[in-house]
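For reference, chains read A, B and C in written order, and residue numbers begin at 1 within each chain.
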Amino acid sequence: MTNYWDDLQTIRKRRPLIHHLMNYVVMNDAANVTLAVGASPIMAHAREEVEELAAKADALYINIGTLDDRWVESFLLAGKAASKNNVPVLLDPVGAGATGFRTETVLRILNETEVSVLKGNGGEMMALAGVAGMIKGVDALGEANLDVAEKLAREYGVTAVITGPRDYVSDGRRSAIVSNGTPMLQYITGSGCMVGSVIASFMAVNRDFLVTSVEGLVTFEVAAEKAERRSYGPASLKVNLIDELYNMKPGDYELAKVEFKG
Amino acid sequence: MTNYWDDLQTIRKRRPLIHHLMNYVVMNDAANVTLAVGASPIMAHAREEVEELAAKADALYINIGTLDDRWVESFLLAGKAASKNNVPVLLDPVGAGATGFRTETVLRILNETEVSVLKGNGGEMMALAGVAGMIKGVDALGEANLDVAEKLAREYGVTAVITGPRDYVSDGRRSAIVSNGTPMLQYITGSGCMVGSVIASFMAVNRDFLVTSVEGLVTFEVAAEKAERRSYGPASLKVNLIDELYNMKPGDYELAKVEFKG
Amino acid sequence: MTNYWDDLQTIRKRRPLIHHLMNYVVMNDAANVTLAVGASPIMAHAREEVEELAAKADALYINIGTLDDRWVESFLLAGKAASKNNVPVLLDPVGAGATGFRTETVLRILNETEVSVLKGNGGEMMALAGVAGMIKGVDALGEANLDVAEKLAREYGVTAVITGPRDYVSDGRRSAIVSNGTPMLQYITGSGCMVGSVIASFMAVNRDFLVTSVEGLVTFEVAAEKAERRSYGPASLKVNLIDELYNMKPGDYELAKVEFKG
């Protein structure tokens, strides 16, 4: 089903434009990750231009991490422009459940735009699923499972991706569990945001979003596994991870640990 | 008095939530430093949610580095919510004295909220102390001494921390001088902001703020000393410093150079 | 004509204040690059203080990367204050041609302030020159040549710098081509923005802007060449590049590949 290497090669060949509305904390890392997989990032959030950019992008990545009222306006403008122009949208509901403002913003984006992939950590996704969730900081890991992913996928008409030690992916009909990665990723701020940039890059070249979600997760996490072997802590891990993404080889995908279901 | 290792272990065990209103330049590094010492950072500054987050945080870190009128509103909202909920506040008065807007903002925060620790470089702190000060760029070092720290501590009812080649700390009654660190830290933008994240993490687990200020300074600066041994310049120093914070061991604190007084 | 080492030493001695209105994505890297060459960065963009800061800076660097209506106001306030106080201005027209909002903003800055150096990539500069240009993401390279640089220099009364595999520099009368650097720089987001910080640092100590543009380009790109030898990918390249800037030696300038004309 997945064809990691071919899709990665297509990204590198086409250099698709990935329009990010990315939080301030991770903007730089997300742009560098996008470049490392071969796509072309543009980070822009002004209401004066987001519609124009989203309409001609190859994928739109909305990450609400450092939202305020002006960002929310831009999320909706960009999301609607993307939807209208058949540009696939990835939504990262950072901190959903942590404040009312965040949960409400995520629901507005889900209702008013066409989100293809909804990707969050366990706490965020459980909060959105109405399952009792507790979040302690946006980098914390909650617990979740494939049922939550399926519920979210059906409820919101999206491919749901719950990241964690094991990643749960479901489009409501088919599902997958990805078990790559390393625990040290939790010590890199925005590692979950960065994996979104990789998934969005695959979404730009392949419209089977269950597949592209798995491809993005595996690519990022296999690179992290390789990187960790020569890292002493989380800061060198981040540097080495981006280097590994840039140097990805076909054989690296033999490390993929994916279980497809349904 | 200090018990570096025990307090660090408490941070790692409790993973306290450190709410940052951090400048754009250093957001990413500050979040990664916070994770490396074992705490849980949340970087959020929208007026719509800062009160909700500050009220449930374990410490609030207000850094005015890239302030504008909207940030100022959020500083005050967050600071008041923290004060009301007995959440300790660290204030970094970046560029105080450099423009009227900055000095005025710092004074408003000091007057309208309950600041526990006021941490700045020599020029900033001298400007605030009414001592004639000149600032040339926010990364420049001014000159200051323990008298300035004591004066500030008494005047504003805070623990004052003046960073520099030697760090001066005073709560108005007791004081300390920390002589760790390396000159190359001056070449990392926001190294002073990052040390604030470490101090705030200790403040979240120990309410003796003279002690936690010293613990934060020593932890960061000892890690910097160890990092420098295998660094070729300031960019590798930053990577290695975060890695060393993550790998901190009890014996590392034997490198502490602290002189307590009073 | 150029005297790389002497001008670099002057920067290190005077530590000139480089006021940046820099996009969010590259703020941290630009500040670190500025520190590495020995200058003193200040990143501030609030309308409440940009005039005060720009007026006393040694150079002003306006980079429109993540503009919105509030940034535009600050660009103009800072630019006018700099012009009035004889502070040289470098303008980076990020994404000019990609949206109407960007092109319009660049033209307003060029018309209403005294820009000394206009530095952009091929697509941006071609768009501004009225030559048919297509931009695909702000990190993409367009094609351009010395004629475009000369046309821009004369039309806008600036020193025009077009970055790319070969950099084209012209002040309308004299011109130069710089052929240093490495293709991997394209995989570091904002590498073009960072070179602006280096040029602005040289502008602060030497008012022959054709010369200082060449000095900035050569310094950054020679450091990149040295860095690449011990880098595995773009993330380690960025770390090593900043380290090399910090460790620049006189002999490094023997690597300069510059062709002066006119």
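Keep in mind that, in the parts below, a contact is a pair of C-beta atoms (placed from the backbone, for glycine too) under 8 Å apart; a residue touches a chain by one contact, two chains touch by 3 or more.
From a predicted model like this one, the values you see are computed outputs, not experimental measurements.
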{"item": "Chains in simultaneous contact with chain B and chain C", "value": "A"}
{"item": "Same vs different contact residues, chain A with chain B, by half of numbers used", "value": "different"}
{"item": "Separation of mean Cα positions, chain B and chain A [Å, integer]", "value": "32"}
{"item": "Junction residues of chain C - those touching two or more other chains", "value": "24, 28, 238-239"}
{"item": "In the complex with chain C, residue positions of chain A that touch it", "value": "15, 17, 24, 27-28, 31-32, 35-36, 40-49, 52-53, 70, 238-247"}
{"item": "Touch list for chain A against partner chain B, complex", "value": "23-26, 28-29, 65-69, 95, 98-102, 136-140, 186-190, 231-236, 238-239"}
